[in-house]
Structures are given as C-alpha cells and as structure tokens.
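What follows is subunit A paired twice: with subunit B in the first complex and subunit C in the second.
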Partner chain A sequence: MSENKSRLQTLFEQGEFVVTGEIGPPKSANGEGIRKHAEHLKGYCDATNLTDNQTAIVRLSSIAAGMHVLKAGGEPIIQMTCRDRNRIAIQSDLLGAYSLGMKNMLCLTGDHQSFGNHPTAANVFDVDSIQLIRMVKRMKDEKVFACGEAIKKDEPRFFIGAVANPFADPFEVRVYRMEKKINAGAQFFQTQIIFDLERFERWMELVRERGLHERAYIMAGVMPVKSAKVAAYMQKNVSGMIVPDEMVTRLKNAEDQQAEAVEICVEQIKHIRKIKGVSGVHIMAVGWEEIVPSIAEKAGLLPRPQAAGIARVAG
Partner chain B sequence: MQIQGIQKLQTDENRQASQEPDSPSLHIITKPVETEEISFGETAEPIREQRKSGWTVTAYYWCRVCKQKTPVTDAKSCDCGVTMCNVCWAEWDFTCPICESDMSK
Partner chain C sequence: MIIAEQKPFEEIAKMTANFDKVLLLGCNECVTVCLAGGEKEVGVLAASLRMLRKQGDRPLITLEETVTRQCEWEYLDQIEKLAEEAECIISMACGVGVQFVAERFPDKWVIPALNTKSAGGSVKHGIWEERCGLCGECILYKTGGVCPVARCSKRILNGPCGGSQNGKCEVKDVDCIWDQIYKRMAALGRMDWLMEIEPEKDWSKARDGGPRKLIREDVMISE
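Up next is the complex of A and B:
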C-alpha cells in the first residue's frame, strides 16, 4: 500500500507546532455528542484522541468514536489499550480501523479494571504496550502479523503514538522507558498532564541528552483546571501527577477562577512551546471541552496550519 | 545506597535501551483456563454455573478517594470517570470534582 500519511504526521514533518485534543466517548450508544465535540474542535486542534474505555469504564468504542470524528470532518487518534483485547482482537481492530480511514493510533497499557465499573472483569494483557507498538510497526514495515504470517496486501500503516509520564518515579528511568518505546516503533509521544514545568524541563533535558527528541515527536500534555476545587481534588487523589500548591492557591485567590484557569493553561503552553524538543501540545480539557478554542486562540496557536496535500481541516 | 541503586538501574537500562527493546518477543504459551459453563433453560435465560471465585457480576466499586470496596448501591461513577462512595461524594456536595456534573440523582 502506498504511503498515505495522516494529517498529524504531515504537520509534524512540516515542522509545525501541533495541537491535539481529546474526546472521551459516552457511556451510551449515541455518537451525537462525539460529533458535536469534533465539530467544536475543528480548526483549533489538528487531530483528536478517542479514549479506549478510559478509567476502565465501559464506553462507546474508540474506533466507533473515531468514525464519528471522521464523519464530522476531523482526524482521529485511536487509543488502544492492552487490557481488553488479545493479539488477535487487537490486530483485527487495527485492520478494521485502518480500513475505515483512521491513520493515527496511540498504544497504552490501560488503567487496571479494578478501578472501573467492572472490577471483577478478567483482564487480558496478552501483550504489553511496548509489544503492542512493535506489533503495529511490524504490520506496517515488515507486512506481517504478530505470528509471522505475511499480510499479502493492504497492510495497516498507522502513525504510531505512545505515552510518556515524566512525573512517575523513579524519575531518571522514565526516559529509558521512552527510548524502549521508540526502539519498538513509537513515532510520537503524548505526555501525562504537566503542571510542574520545572520538572518537565529537567525531564526534557534528559530526553535531549539521549537525542530522543530527534527520533520521535513529543507533545506535552496540558489541562485547563476549571477551579481550585478541581485542582485540590487532583492534587490529593490523582496519582502520577504533580499539582503544585502555587497553582491551587492562585485559583483559590482568583476573582474569576475560570478566567484564571485559562490564563494558567495559556502561560503553560507558551512556556512549553519554548522548550527545545517539544513538537506540540495535547490539550486534555476533561469535562470542559468547550474551552479549547479560547485557549488555542489566547496561546497564539491559531490559525492552524494546512497540511501539504491534505485539503480537509481536521479537528 | 539508594543513589547507587539508581545509578546501577540507569546503567542497566542504558545498556538495554541502546540495544533492542527488552520486552520478550511474542511467542505461544500454554495457560490453564478456568471455564464457565453456560446452558440455556426453557426460558432462554442463561443459567450460570458458579465459578470457584464467585459470580462475575459486579456488585461493588472501589472508591477512588477512601479506597474502600463499596457496594454499587452506595457508590456512583461520573461519566468523566470519577468513582466514589456516597460518603466521599457527600464531601464534594455530590458535584463531580473534575467535570462539575450533578451527581445527586
């Protein structure tokens, strides 16, 4: 199959500072909300992540959600976890998703099912996230299934993404894990939500020391935190994330907390943009998707660039 | 001691990362599987044989805040993913601390 690159990949290769958004599919069989969100993000984000039963809660599937995004004129990034499918199901879904026109995928381990709404469900983890990345790469480059059998024609040619967490401990080891993912075939990364910019900068130094920013595109994860209440909850209850006290206080003291939240997020994006080796931002506006256009505008991310050879404006 | 540990880990990881990724290649393994027999009665209602480990129907959630195993009737899960027991929800006035959805109903 000829090279048919995604808009996301094309923009990275053009050297643009890329912006992606995220949609969490609903706990229902109705795709209208996804299409609305996708419409809303069009022109503000270059592509949109569709989460795969995030937080281990049953939702409309990420691939079906990707179809709704395509119908709305956007570009999906399909998330795929290792929790719910074995290698047969994963490869089958990859073939299906690519046949429907989805060209980006993000490989993740997935939240453990005990935290979701089916805590006694069996998990799969037939492959881990690094094996998943390698499997997708081999399907593309070597044109083989995981068993070694040749894919005779029309192999899926995904632009392969992975996640990185600069905030999990031990700090120094996170970069090696990232390198393993690159060796396995990851082409772009989206990081955990960043609030502690100082720590992120230190992590990026380690990334640059190993030249990883030249081997994969790195997108920094950001989140507009709507209120001091949200910040306090995240600080106390969300693991793998550092919410500085300073941010909580700043929101608490603000007259208009939502305006302050936008201001903080915009400042973060402007700061991140100056860090060498960062190729874009991934805006995760959980439960506050309508604010993304305003953030993109204030952070100077508009107008979104056109991808050479791809006419459609994505979202 | 700890620093030495990390340095060693770094060196080991360094070596691994510069070579091939260290996750093993995929291969076929044999694994004992626990089966659940399902037969159908006249009413076409599935009759499930109980596993040793108990029914597979979810009857509880884990509260993300107090980390307690809570019956589903005493817990709620917001669309955004926040799952808490009702005692913890009360501390947030039954408004989701992430997306501000009304969780009082």
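Up next is the complex of A and C:
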C-alpha cells in the first residue's frame, strides 16, 4: 500500500456502492458527542463527513472533529471551506490534517457568513472551491504549494472530494461546473440533498452525456426528513434545495411521521442505486444520526464491504 | 463614480452639538450626482441643523459652500478664509474629500456627513449599484464585461456557487452575477472561456496589498 489510499477511495475502486454519513460538530469544546456518533455509524457508513462551521455558525473545527472520528475507529472526510481561511491557512490545515491521518478532503466554497451567528464577520474567499481543489491536487501530484514552491518531503496526498448541486441554477451550468471541478482535480462528488428525483435523473443524463461519471465517483445526497414541519421549513428557508410539495403532504398525512421519513429515504436510496453513474449515497441525517443504521439496513446496504488491504474499521 | 449617502440626521446633529459656527462644505462631483452632498444638500442640511438648534438654547451659525472637487488642493485653497471663520467643517464629500479637507486645514475639526458606499452608478432613478471592486487588476475581459469581484457576494472567480437559484444569490435580495456572466458568455459564444480554471487572484494589487499609490513620473512637475 505505497499509495496509502483511504478506505473510501479503495472501496470506490473496488466498485462498491459506497455509503457515507455526516456529523456536524458541536458548538462546544467537547468531542464526546462526535465520538459517540462515529461509533454509532461504524459498520453502517464507510466514511463520515465532518462539516466545517456549516451555515457559518461557529463549531468545533472539522479537523479536530476528524481526530475524534479517527480515535473512535471511523474514517473521516474533512470538509474545508474558503470562507474563513486564506490560501496560507488552508494549506497549513491541509498539512496538519494529513499529518493526523486524515486522507479524504471535501472542498467547498462555503455558505456566506450572513446566514450564521456572526453575520458581521469579514469573509475571506481568497480562493474559491475550484481553486482549492486544484491546490490540493497540485500539492499531491506536483508536490508544490500554491505559490509553486516545492514541498520537499511528505506532501499531503488527499483523496479529493467536491460537491455538486443539481438543484441550483442555471441548470445546465451545474454540469459544466462539475466538469470544471473534475478538471481541477476532484475525484469524488457528493451532491446536495436530493428530494426531486426527476430533476436529479435529468442532471445525471447530462453528466453521462459528458462522460463525467467515468472521470469521478458520484455520490447522491439524501436526507431523512423527520417531520412535515421540518420539510416545510426547508422548503421555505434553505437555499439551493428543492423540496417537492408531495413529500411534505406525504409526511403530513402519515400516522407515524418518523417511520414515513425512513420509508421515503429508503425508497429514494433504492431508486438512486439504479441510476447509471451513481457510485454511492451520502446520508445527511442532520441531528438524527441514530436513524442511519436503520436506513442502511432497510435500503439493503448492509453488510458494508471490506476494503482490500485496509484493516476493517473497528466495529 | 463614488456613491455615498447622507448619515442619519441625528448622528450629524450629535457630532456638531458642541460647535456654534460650522462650515458645511459640499462637493460638486460624484456626491452631487448621487444626491448626497451637492449644493442643494448643503442647503437642506444647514437649514435642518439650524432649526434643530433653534429649538434648544444654543443657536447654530452655518456657513455654506460647495467646491468643484474636495479631492484637489487648488479647490480647497479657495475656501481658506471661509474655513478660518468656522469652528469646524462638515464635509459632505466622500471619505476622500473629508481627508483632503482635514489635511488642508490641520487646525480645524472635520466631521463627515456622508457614508461612502461604493464605486458604481445609477441604474435607474433612485437606485445606485456597485460595479467596480477596485481590485487593481481588471478581469472584465474574461467575464463578458460583468464583474464578479464587486458583484458576487463571495467574489468567487469560478462561479456560480451552489447557492444560485432562479438568477438570485443565496444572500438576500442580491442578483447572482455569475448567472448573468454565464448567460452573457453563452450568448456571445464564449462558453469555452468559462471552462478555463481561473487561477487564484493576485489580491496584492487590491486593498489587501496595503494602501495603494499610483506614481506617474511622466506627468510630474519638477520643482
């Protein structure tokens, strides 16, 4: 294993249908919750995203959170946004994260700070997500920092992830920009949460037309929506997301909304799995992590496969 | 042009509360065009301040003048006598004018009456929009003449980000400028340009590189 590949990358290369989860670090200096969640997801997810101050709210750092996941025996996918760090801080954090054993890096632009709890903060956006992806790739493949200076030894060798949003506009541009991310160095994608399967399928058609599914692994983002109330809230307040009315109605009419939420999510996963070019599913449970095992089971995603040459993640 | 708007009246009144004779100084350039600090606004503000102070027991004497440009010494030289008469100068120019006035009249207290907003223009009556980010290295030739530095909330150079929906930015009431850039480039048959990865910008040319100074020896006059 001279390449020292991540478990995530290895599973993709084995042709598995990969499952990832997500943990949002707490607004406190206590990592116990993260470790608990990580242990809970073990055996049900192949790797776990650690969000980077999501929606611009101050939280325990994604890299520190990744350390808690590693300690719990899980595999972290570190999220890195461009909102809060310039190119110096970003590269420093990349070196730091890799030195701690983190091997997957998901590169994003980041939500604007006006959404968070410090709306008067300055933003950075020294680089954007595409420039960040290229920076991580050049560090690995060309062994150079962004300025061109050589990294003399021990360069970070991340498996590079990016996000794609089939529900943002202009629709056709979404695929171009995804291709641009691949050209910059993205190796896998996690999409925005999918509720509108029809639009996702149209988007995947465009992806296949351009052969992008053969150049990067695409994971479809799903989310179990706990109640009709939450669904209605997301429909109104979350940008870059399409929540169909039928879903809200279906949850509202259900006797047991939580059971219905699981049922909807499982149906979506089963449907998504049949779409050509989709290599996995990213389950964003957002505060409802304990439901992930039951979704994974009902969706027929268990048992999780072993990655050849890599010790089975404990648990 | 530089776009500015007048500070709330209460704020200006508070800043002038300890003075009895003030000079309100307008500027005939940008702030006249954006209806914030020209001759007319000088008159209105002076009258408002006098009326307010008349209600109390400390009337205010106002001197009024509007110069061609506050950002040029020769126009400030013309008001030297007037400035001497006043205890303080209320500059109704942009931040540049305020500082030129303070530097030209070092023994006078100077009060800014405006908030300087941006470099832009009027898109229709009553609406002024930012257009230039003053980044110091223009990239408009790559983006169809539409500036993402000034007009994208995240000033990203490889947009649009995932927050773009129906031509709108994820940040409230803002148009997605990358949506416009893409549409314009597509219409002009230049989509291939946008597939090029725009590299990291050299922000040292912008304000990030420290205060900027332009030197042109070819137009300097030797003394």
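Assume the second predicted complex is superposed on the first by the 311 of 315 C-alpha atoms of A that agree within 3 Å, B and C clash if a C-alpha of one lies under 4 Å from a C-alpha of the other, contacts with A are read in each partner's own complex, and residues count from 1 in each chain.
Throughout what follows, a residue touches a chain if its C-beta (ideal position, glycine included) is under 8 Å from a C-beta of that chain, and two chains touch if they have at least 3 such contacts.
Worth saying up front: this structure is predicted, and the values here are computed from it rather than measured.
Trainee: Does the superposition put A:K27 against subunit B (first), subunit C (second), both, or neither?
Mentor: So A:K27 only meets subunit B here.
Trainee: Which holds for A:Q192: it touches subunit B only (first), subunit C only (second), both, or neither?
Mentor: Only subunit C; A:Q192 stays clear of subunit B.
Trainee: Contact-wise, after the overlay, does A:F125 reach subunit B, subunit C, both or neither (first, second, both, neither)?
Mentor: In the superposition, A:F125 contacts subunit C only.
Trainee: With the two structures laid over each other on chain A, which partner does A:K180 touch: subunit B (first), subunit C (second), both, or neither?
Mentor: both
Trainee: When the two structures are overlaid on chain A, which partner does A:A146 contact: first (subunit B), second (subunit C), both, or neither?
Mentor: Both: A:A146 reaches subunit B and subunit C.
Trainee: With both complexes overlaid on chain A, does A:T109 touch subunit B (first), subunit C (second), both or neither?
Mentor: After superposition on chain A, A:T109 lies in contact with subunit C alone.
Trainee: Report for A:R134: first if it touches subunit B alone, second if subunit C alone, otherwise both or neither.
Mentor: both
Trainee: A:R87 contacts which: subunit B (first), subunit C (second), both, neither?
Mentor: In the superposition, A:R87 contacts both subunit B and subunit C.
Trainee: Just to be sure I follow: which residues of subunit A are touched by subunit B in one complex and then by subunit C in the other one?
Mentor: Common interface on subunit A, subunit B vs subunit C: 87, 114-115, 127-128, 130-131, 134-135, 146, 170, 173, 176, 179-180, 183-184.
Trainee: In the complex formed with subunit B, which residues of subunit A make contact?
Mentor: Residue positions touching the partner: 24, 26-27, 54-55, 57, 87, 114-121, 127-128, 130-131, 134-135, 146-147, 170, 172-173, 176, 179-181, 183-184, 210, 226-227, 229-230, 232-234, 236-237, 286-288.
Trainee: List the residues on subunit C that touch subunit A in their complex, please.
Mentor: Residues 153-167, 170-172, 176, 179, 182-183, 191, 194-195, 197-200, 203.
Trainee: Subunit C touches which residues of subunit A in the complex?
Mentor: Residues 82-83, 87, 109-112, 114-115, 123, 125-131, 134-135, 146, 163-165, 167-170, 173, 176-177, 179-180, 183-184, 192, 239-240.
Trainee: Can you list the residues on subunit B that touch subunit A in the complex?
Mentor: 6, 9-10, 13-14, 16-18, 20-23, 26, 54, 56-58, 60-62, 64-65, 77, 79-81, 83, 92, 96-101
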